[in-house]
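Please find one structure pasted underneath; my questions will follow.
Naming follows writing order (A, B and C), and every chain is counted from residue 1.
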Amino acid sequence: MPVHEPTPLERFLNGILPENPVYRQLLGLCPTLAVTAAMKPAMTMVGATAFVLICANLITSLIRHLLKPHLRILVFTLTIATFVTIADRTLAAFAYPMSKLLGPYVPLIIVNCMIISRCEVCSSKQGPKAALADAIGVSLGFLLALASVATVREILGNGSWFGIQLVPESFPTLILMILPPGAFLALGSLLGLATWLGQRRKARVSASEAGSA
Amino acid sequence: MSRLRNSYLGQAWLILLLAGVFGALLAAIHLELSPRIEENIRAEIMREIPGLLLGGEAVTGASITIDGDQVSIESASGESTSLTVVEQPSEAAALYRVSEGDPEGRLLGWVARGQDHGYADVIELLVGLTGDTTQITGIYVLNQKETPALGDGIVRSDFRQHFAGIATDSPLTVGRNAEEAAQSPYAIQALTGATVSSRSVCNIVNDTVALVKTEIAEPAEGFDARP
Amino acid sequence: MEIFADLLLIAIGAALVNNFVLTYFVGLCPFLGVSRRLDTAFGMGCAVTFVISVAALLSWTMTEFVLRPGAPLPNWVWSSLNPAAETGQIDLSVLSYIVYIFVIASSVQLVEMYVRKFFPPLYKSFGVFLPLITTNCAILFACLEIMKHVVARDWGLAESLTLAIFGGVGFTIAIVLMAGIREELELCEVPESLRGAAITMIVAGILALAFMGFSGIGANVEKLINP
């Protein structure tokens, strides 16, 4: 039976919600908790991760026919480490305060399971178009995840969004949300919400199927 | 293609080629971006030096440009001043000699960087001193990870203001409230609920001032200790 | 005495005050995946501590002698090949991340071979989780912290190894605590949408809140040792 290989469009759409890297696959949790105290660092991290993901996917897709299977992890790691170095240096050169704020979390993109998993699952098996679509889709999913956590943490913890003050200065804020415990609590609650929404959708779909059957 | 894939030697050549390409890419990035990154690191400190030595009012609304060793300040009223900042060889953290105009100009003051453990983690400070090191002109917090809303008040200007103008002939102490602080000209008022952070800042300032005085009294080789 | 106080401060900082999992958010994948049962959690904690120590030793050596700006080995090689060149110019720091990830992969291989030879039943119980330690953020994070301090010429081998070993100890403490709590949670009625990762995150948040109470221990221990 021929294996159904997902088309580029399917890869793109899959990465955003159905196979969301954070909410469904639970990959890349470290940056999701670490840099989401405010929206600006979160979006910078998404940009850096997207850059590394797209470049790594493209390169591994282009050389996928040349590699013996057991050497691929080595090549993936080499590629990802190179592009993370490039991203880190570019950030330090052109946005030094943001680079200091993000600190060690930009180099930690190298061990972000999300990127190696996309290289392994998609770009080592399909052509550059599918790999590119997959990378963009997964990056959008990552953006969604980080934006949701960062919005909750920044609004509750600081009363601002993207640095713009939304509530008056004297209004009491939940400082806990900016601290590490707040990160865990925010992500845990959002994960629970995502699971609940998914279960409700599944219940509705199966109810309508049972109704039409 | 398949022969390349099936032979170990072919694989080895492929890995080497990839390593070479990536290495060249990284070397190019390094050559291009390293100077900018070093400039950014220096600029971080240089940008604070005018405020430290000339006072907060001189730099409110002013635009500061950095060009190598020179820091130019154009105030809101249109006056422009220029300072030269030269790093001196020092045993401990960085020590800068700041002169008005060019390096041969009048010595404006000294700026030193000191660090030590605070309440939660390391606190890094910049301390400004007058040219004769008899007075502290101000402090600036470079790095801190103190408790938010409590210890991290040390970055606020109303706390740092306590240090401006204090004489350096005796070590500074910390008073827990305004009355205690008023009892001695060398006492600063601690932040409410953050006595340990305030004490750490005080200790760092004392150690840094003592270090600067020793280094100027017995200058190392290449140290420009002219008054 | 001074060095002992420094090492104690680093150890307490890495294990309790700035716990790798609960403050820096590194090492979350095994924290979520392996913390269902107490004995596998403890085994994973010990394995990670072992790998972190080996990787820290290797990466400190590489950073100190090859990778930092002004490192002795590449400069010696360059000046013997090119006697007329200026000394101290070679800076290989741009290759740091690549070298670290390969050092970590090699450490995991080394530890895997060691465990397979001397503790076969343990090796079988780990299964696929042992090679997966390569993608554990905690080890790369420890290497990065060591790099930061070696480049700033702050730390030697003792401090770096202390950070690594006690970082692993802190990870073990956190994962064992989580495993104990999860074993009890299995007997509770957790709401369906929260089962699995969500309730683990919420419990981790409460644990992190508890660990925040350790803040300030470092400063007070230092005061005890150096009054």
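As a working rule, contacts are C-beta pairs under 8 Å (C-beta built on N, C-alpha and C of every residue); 3 or more make two chains touch, one makes a residue touch a chain.
None of these values were measured; they are calculated from a predicted model.
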Chain-level touch network, classified as line, ring, star, complete or other: complete
Centrality ranking, top chain (CA atoms only): C
By count of C-beta pairs in contact, the leading pair of chains: A-C
Geometric centre distance via CA averages, chain C-chain A, whole Å: 23
Separation of mean Cα positions, chain B and chain A [Å, integer]: 35
Rounded Å distance, chain B centre to chain C centre (Cα mean): 29
Interface hub residues of chain C, defined as touching at least two other chains: 94-95, 98
Sequence positions of chain B contacting 2 or more other chains: 22, 26, 29-30
Of all residues in chain A, the ones touching two or more other chains: 78, 82, 85, 89, 179
Parts of chain C lying in touch with chain A, wherever the complex brings them together: 22-26, 28-29, 32, 94-98, 101-102, 105, 134-137, 140-141, 144-145, 148, 191-194, 196-202, 204-206, 208-209, 212
In the complex, chain A residues that touch chain B: 63, 65-68, 71, 74-75, 78-79, 82, 85-86, 89-90, 92-94, 96, 175, 178-179
Touch list for chain B against partner chain A, complex: 1, 4-6, 11, 14-15, 18-19, 22, 25-26, 29-30, 33, 36-37, 40-41, 43-44, 148-149
For the chain A and chain C complex, residues of the former touching the latter: 26-27, 29-30, 33-34, 77-78, 81-82, 84-85, 88-89, 104, 107-108, 110-111, 113, 116, 176, 179-185, 187-189, 191-193, 195-196, 199
Of chain B, residues touching chain C in the complex: 22-23, 26-27, 29-30, 34, 117-121, 147, 196, 200
